[in-house]
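After this come two complexes, each holding chain A, first together with chain B and then together with chain C.
What follows is the complex of A and B.
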């Protein structure tokens, strides 16, 4: 392990901490949690480093790298905080939203009040304290990775390659679940944090750690036990979370369903679709118009309307599939950039239709009072119910994805992505393969749309802007193209985390951008990549064979 | 009765440039024939026309009596014509076995919903296809890295994998575009024997584009020579070696020896 890696991961850690900082993490949960995050990120980045096959590792280099990670992220955070604080003290208005958050964040990080920061109080003692805390966290993170391997200087094949490390990875989700439960105990306070938000963070960490733990299980009895245990915890989770947390988590699962659909179109078939929101909108509007009491269909054609969620869902999915095929046909011959532009236009056209076909869609007034799904007389029209339904949807969609991925169709999609001409010359019917990709992706999005309509009760054209397409695309790239677990992790990172501080929601796009750039440079395969993608981009340590020129 | 494979009066233009002009060609079932010619003579263009990569501007191409003009590449493959490429075009991020499984597509029948439900038919077909793919890798002599990504294969093995992928579609006619490019003498000789084995054991008809005269003269039953998109000679290896127009096309006017002195094997 070279110190170059330590610096790289130090920068990643700094990026992520800054991201959380901009979202107001110190403000909402106190600086101790920020330091805990530094520790965890340091820990995970060292695990990632060791995870690379053929990586040799010594005791001292691990500790040095841990220190580097802590030092770089700590000094980085110190500098940025100091920079903003001095700007504030000089009376420079950075930005209306940041101007409100930054002094409070700075204060929270350095143990001063907002007024003191604005008065230009000396923040150096506080800064040094947090910098030292980061160094210590990185050092402890680095040292902790030592526990995860047997002996020193050995080669490590995978995350938690040794028995100790393996079980630590398996135990992490339980640890976070425990922390989440701890918050529910009366009188327990963690770093003066807002309990709702800290609880949500622990839930996110629990789910994320579960994904890693599941991937690290060995096939057989161990995998069965761990997955059953995690499954049980996830099933009871919505009973334990509060209204706010369930609302956020239900949004996350809806984006998981959509992400899995786009994953097929972009991740497998390699068709860059920037108008994916159209199918989401079609699903939502189809169900909305068929079920909302004042919609055009119910008022004018009562014979066709008044559907329940369960009879409306298949119709919404069918409508999605049909529009998917209709979009697919004209773009069959297009590739890459051209395809992206045309699909982008398509997405906008659909939104503008919702907006301008006033008589049918209600125009800007939207579709109101969409009914909730009801199962055996239980009304699921609340965050908890939608969260449960979303989990079921995600499971079904993930199942379909896995089955298709491992079939001849999945292979054909990847061949299409690799080389379209040769794929056709191998006898693949490109028309059928592309349309199946578009239709499958559209079906998933339409199902997500129907669920979304039910969750929102009222839907408007503004719910279906280009930004949604970009969000979905970003989350599958950040999670790792082609990876199902990656989609879940990406949804948590891009949809869940920003909800923690709703007031800067508009500005999360800034942080997204930065995060995307950093991610693409340092970890192009995503946070939790599919095995295939990891091999593609990391070359699996086998030297490239010289291909002689002709 | 029509011949096995024939081309009549093929024309292909790129803008004002006539890449292939009035090209006639035919071959019998079970033969090995070569198309040779200097760089830029239009050999690969002929292949691209046959396999439907290019639409042709005139003439007709027939395979077992069926007209191939204006058919898409996938339909031509389904009729029984497969090819390899001058610059290797494997699905580089798929494994060896996966590359071959894609090649088998014309013979796979499982459906979308069959895959979703993982029906007995689908499971059996996938299992058979996988066994067959491994067998094909053994047949072409690269069994050892079936689960490596194609891009990590050594160069010579990539060529073999490409042939295996073409064989997976069970072709009756195989078009090989410079199969020995970039190989040393020993590898070329191996490939040559391998091509003969394909014909002898599988009964596949082979059309070969090749620059290595040892290979061309060694295994071809007939040779067609192209220059500037036109056929300038056709015949047995012996005829071609002594044809003054061929020598002129390769070496320029005035050069006498060269090709003619190559040994016949």
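What follows is the complex of A and C.
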């Protein structure tokens, strides 16, 4: 009956598969690519053909549509691959147009070697394999929708609310911690050569599960016991992790500090700042220039002698606050989109200045040999030390954030975010609260920058590109704007996970972009949203027109 | 002693008015100081370095050409902003895709030998290259609207903006993967290579430049006719004014918005091809900085205002071409000049040069 749907979804699926092919997925995944593609097709037909409320499809039409999706994308990919293969057999270098379509790409899809593709070997068996696999996948995906009747989703949801679910959630972090410890036991062989990567994954899962467990605890004795237990585990964690794991985790905590700062600016005050990296860079460069032995200041002022981490940190924070206020003043009158672009320009200006003011900042050569922080004679200039220090920083920042959020100032920020005009009419001094938001965010970023500088030892202008701003913004959005646990979860997902998924790292930014769009459409409140934000975006708010655009 | 409440409220209103006047005065004073500093700097530099008039004329022409390209892209921002009140952050990437499509079409025609053929064939080939760029951009623009923006039309304003940022990065890094890291160099067809010198003034005008200016002006005239004269243009203006009422009048709002995106993307695609011909290099991030600058141009002229975008773009192009020499800075600072213009405009005249005062409320 409704085969039109099948054709439409088939074409969409084919578009996605073609996009992945051009992106070079066959090149990176080798011969398993057909399986991956087939799995994706199954998934797409499941998603496209699932019963939406108010829509009924008959059993046969669903299966037919599933088959259609598989057939269309299969025939599509077959013809594209045949086209490329015949070009390659003729000696045309397709990769001059599509960089990833090397003979190896065609080979991976059709199960031939590079030389066979170039010789023009018979690729039809390989092509038919693709077609069959895709049709099967489409058929299975279509049939699988029949299993998902309406009740299933509800049943999964209820599990979280039941008491069994509650204790499962509480026990999960302990389970992951146990798995992590299991790897440490002599003689246990799990993951083989990648044991430290597997360990890192368990650490991430442990921390993420802790966040969910903490959120799920009931106030009172249960919350106290659980949080003390988790806290103790997290405090001993850096002693158990190895060098590599600590290095990754120290990067994660630095981004947590930054994320908490941006969370104040974007999540609470609703000022979309895309130049946040500027403050991070200013913190790092201030500390670097004041402490590195070959920096402009120390070379020309030998008597000054440089600062230690602890005397440099307040100066870096102060520099961050001053630039935060200086940026804040001109953009006071702007809203939303304008603010985003201006701050983006500001971030780029700062990076260009680091790069072009060669005499002062060292230009592309950067600032070298920045000293490590030292506490009571203990040198913290190693991943473990930085991890501890980062945890302390983020705890302080998180504490300050919570206190600010519940203060008069925090409520003014939220009022500002909700409606600027109404906030002003209620007697709030917009100038002061906006500048305070910028200054607080900048202070946190500058502190993170100083820590980053001593973690990296050498810093360069390229460390402070727009991508850092986008990373931080994405992590707070994915975690959930305005939510502190969300920032931690977001940092693990965006900064930590790519270290585990090395091969995916190449697609990282592409995936970020897609993820941001998908998140905004499906779950704009983030993975671990703050309660207020969730109500706002899930409740009646979403059906309303934004008043400011009228 | 009890104050008369009416008096108190009058006093408060006066106080607020006073504060507003004070901030006006403060901003004006700041503006005067900035202008004095700029003029002083320009005079000092002008005395130190004596550039010839030919040099300045050459720079102005360069600026006009660049302005023509910016205008095409800026119009896309303005069209979309005029209707949806959102900044299509990925618009620079739409332009980049157009540039790539144009590049490959041009490669194809060069291989076929069309660009070396008779002038008519070569001119036709260039026209087809531009059309290819426009078609690719339209496809991307419409897909973008359908996937990333349409579902979010009623969401709070931050949400579509973040989605746009995501789309921008998605397109940029997809292009990086698909087309590779190596820069793609446009090979100019002979028909638009070289140039003329005007009389014996020593001013040299490139054919590419003239070509770009002519095409941009033609496109802008075309856009003007579409928006002002056609039925679709009338529908666009109606939707920009009030979506609900327009829908009640029987206008299909969705298709009008899609058409607006298509129109803006077509111009951006042409702009991308032109940018490629002008700069000769196409990279995955080629669209980003020109996109920001075109946005600056749109803001400078008054976002949402079509003639404003053209004026702003031309002014920005000229400022950018003249700025580094006039201020005695190395040319690496030309991006800095454009961003500074953006910030200064937003401080002193957020509604832009030709914008309505209303724009301040929407900003």
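Just so we're on the same page, the second predicted complex is superposed on the first by the 365 of 550 C-alpha atoms of A that agree within 3 Å, B and C clash if a C-alpha of one lies under 4 Å from a C-alpha of the other, contacts with A are read in each partner's own complex, and residues count from 1 in each chain.
Convention: a residue touches a chain if its C-beta (ideal position, glycine included) is under 8 Å from a C-beta of that chain, and two chains touch if they have at least 3 such contacts.
Keep in mind the model is a prediction, meaning the values are calculated, not measured.
Touch criterion met: A:407 reaches chain B, while chain C stays clear of it.
By the touch criterion defined above, A:427 reaches chain B but does not reach chain C. Contacts of A:341 after superposition on the shared chain: chain C is touched, whereas chain B is not. Of the two partner chains, chain C is the only one that A:517 touches; chain B does not reach it.
When the two structures are aligned on the shared chain, A:331 is found in touch with chain C, with no touch to chain B.
Once the two complexes are overlaid on the shared chain, A:254 sits clear of chain B and of chain C alike. Judged by the touch definition given at the top, the superposed model places A:477 against chain C, while chain B stays out of reach. More residues of chain A are touched by C (comparison of chain B with chain C). Put simply, chain A uses residues 536, 542, 544-546, 548-549 to touch chain B in one complex and chain C in the other. Chain B meets chain A in the complex at residues 51-53, 72-74, 77-78, 83, 85-89, 91-94, 98, 101-103, 105-106, 108, 110, 112, 115-118, 122, 126, 129, 148-149, 151-155, 158, 165, 169, 178, 181-182. Of all the residues in chain A, the ones that touch chain B in their complex are 400, 403-404, 406-409, 411-412, 414-415, 418-419, 421-430, 436, 532, 535-536, 539-540, 542, 544-550. Chain A makes touch with chain C in their complex at residues 19, 22-24, 95, 97-100, 266, 270, 272, 274, 330-331, 333-338, 340-342, 344-346, 348-349, 352, 356, 470, 473-474, 477, 506-507, 509-510, 512-517, 519-521, 524, 536-537, 541-546, 548-549. Looking at the complex, you find that chain C touches chain A at residues 85-87, 89, 104, 107, 147-148, 151-152, 154-163, 165-174, 177-182, 292, 295, 299, 330, 332-333, 335-336, 339-340, 342-343, 346-347, 350, 360, 362-363.
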